[in-house]
Amino acid sequence: MSGESVRIAAGAIDTAAETRAVAEAASNIGAVVTFSGICRADEKGAQISALYLEHYPGMAEQEIESHVEEARKRWPLMAARVVHRVGRIEPGETIVFVATASAHREAAFQAAEFIMDYLKTSAPFWKRAEGGGKEAWVDANEKDDRAAERWK
Amino acid sequence: MSGESVRIAAGAIDTAAETRAVAEAASNIGAVVTFSGICRADEKGAQISALYLEHYPGMAEQEIESHVEEARKRWPLMAARVVHRVGRIEPGETIVFVATASAHREAAFQAAEFIMDYLKTSAPFWKRAEGGGKEAWVDANEKDDRAAERWK
Amino acid sequence: MKIVYFAWLRERLDKTEEEVDPPPSVQTIGELMDWLKTRGEEYAYAFDNPKVIRAAIDKTHVRPEAKIAGAGEIAFFPPMTGG
Amino acid sequence: MKIVYFAWLRERLDKTEEEVDPPPSVQTIGELMDWLKTRGEEYAYAFDNPKVIRAAIDKTHVRPEAKIAGAGEIAFFPPMTGG
């Protein structure tokens, strides 16, 4: 598969450029799905000024790559791309970006959802809400665990 | 819902600008899903130089709008946008673009798939492959009918 | 009564629209297709397999059983292939 | 044996990593957490509820039953909240 790429980014993600790279990876691509996870101005009702994203260098890339690899085995993808921000992220900014390309839409949709569900529950990233106290770490979401379960 | 928009386009779709408009429609958007349906260089094995897209003016917009409206009833969307090309479209160009935004990813993914499935089977557009004979109209796909059935 | 045609129906009939005046016995979309079929070789060819032809009345999808009385614009077209 | 900590574990222990030398009786991740808990107040606080703590050996997720023999780098962290 050409156009495969996993990246941890300290600065803003250029989602337009990332999408283009995926869409143009092959001439028989008929469907491109993108997902952007965006920093909301509130986290469970409380206003936040920013999120701080910590990650486990090395393991983070490795985990995402293995999920992309698994998606590639399950669906006929022509390209896939994941970019995950770390560090300080303000409301409105993109935290994570996933793009998948295939000949048809079913594969592109499913693969993007699959990658996101796994990334949420097993890629080593942790969010802390800025403006909260020292330990204002965001709690893990049970709904995300259930979402990941459905692919098993 | 702000940021709702359905448009028939005679020229290239600026997917980056459309995505931005959806992502910035509200401050509590946490998830943006986009789908781009792209003209492939081949249609069922045969090489094509271009597609020609015909539509039923008025009904096309109305059908898509009613599907977006239905999606809005089923999922808590903050924005949705659909742009569909008509006329001559070359391989690599975007034929249809859908973007959905919600607080969480499940709603954004499902709504985008829902809109695409319905659009495929009931929005009045017809594709003709250029380079084929006079009646090289693309056949409807049974798989698309089945995809639309699942939402009933 | 105004009828509009799309895609290969338009091509086979070589017209995008026309005004027709079917007899009073023609009351449904299905009956209208049967009647159109009798209007010449190109109509017989275009409506050869009515099962694959879809219809709309005033820009809303309808089934062959739909009544045509009061219709402002009737459309005939092949299954849709957009998206 | 190198251990690395992330998120609130790192904050509660006020360290990102350390070298430790557990006794031979400590053979699994679960046992390592129990042993770490005995090393002081901040450890007791950090490992207060081992059920919510995840572990990795050499950057691969492991369960509490996993053997630590031969591990190059052991990581402890809260449930992940990326994406």
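Points to keep in mind about this one:
The chains carry the letters A, B, C and D, assigned in the order they are written, with residues numbered from 1 in each.
Heads up, the rule we're going with is that a residue touches a chain if its C-beta (ideal position, glycine included) is under 8 Å from a C-beta of that chain, and two chains touch if they have at least 3 such contacts.
Since this is a predicted model, take the numbers as computed values, not measurements.
Annotation: omitting chain B yields the touching groups A, D | C among the remaining chains.
Distance between chain A and chain C, defined via averaged C-alpha coordinates, is recorded as 48 Å.
Distance between chain A and chain D, defined via averaged C-alpha coordinates, is recorded as 26 Å. The distance from the centre of chain A to the centre of chain B, with each centre set as the mean of the Cα atoms, comes to 23 Å.
Residues of chain B in contact with at least two other chains: 37, 116.
The complete set of chain-chain contacts reads A-B, A-D, B-C. By the touch criterion given at the top, residues 15-16, 19, 23-24, 27-42, 91-92, 103, 105-106, 108-109, 112-113, 116, 147 of chain B touch chain A in their complex. Chain contact summary for the complex, chain C toward chain B: residues 4, 6-8, 11-12, 56, 59-61, 75, 77-83.
Touching chain D in their complex are the following residues of chain A: 37, 53-56, 58-60, 62-63, 84, 95-96, 116, 119-128, 134-135, 137-141, 144.
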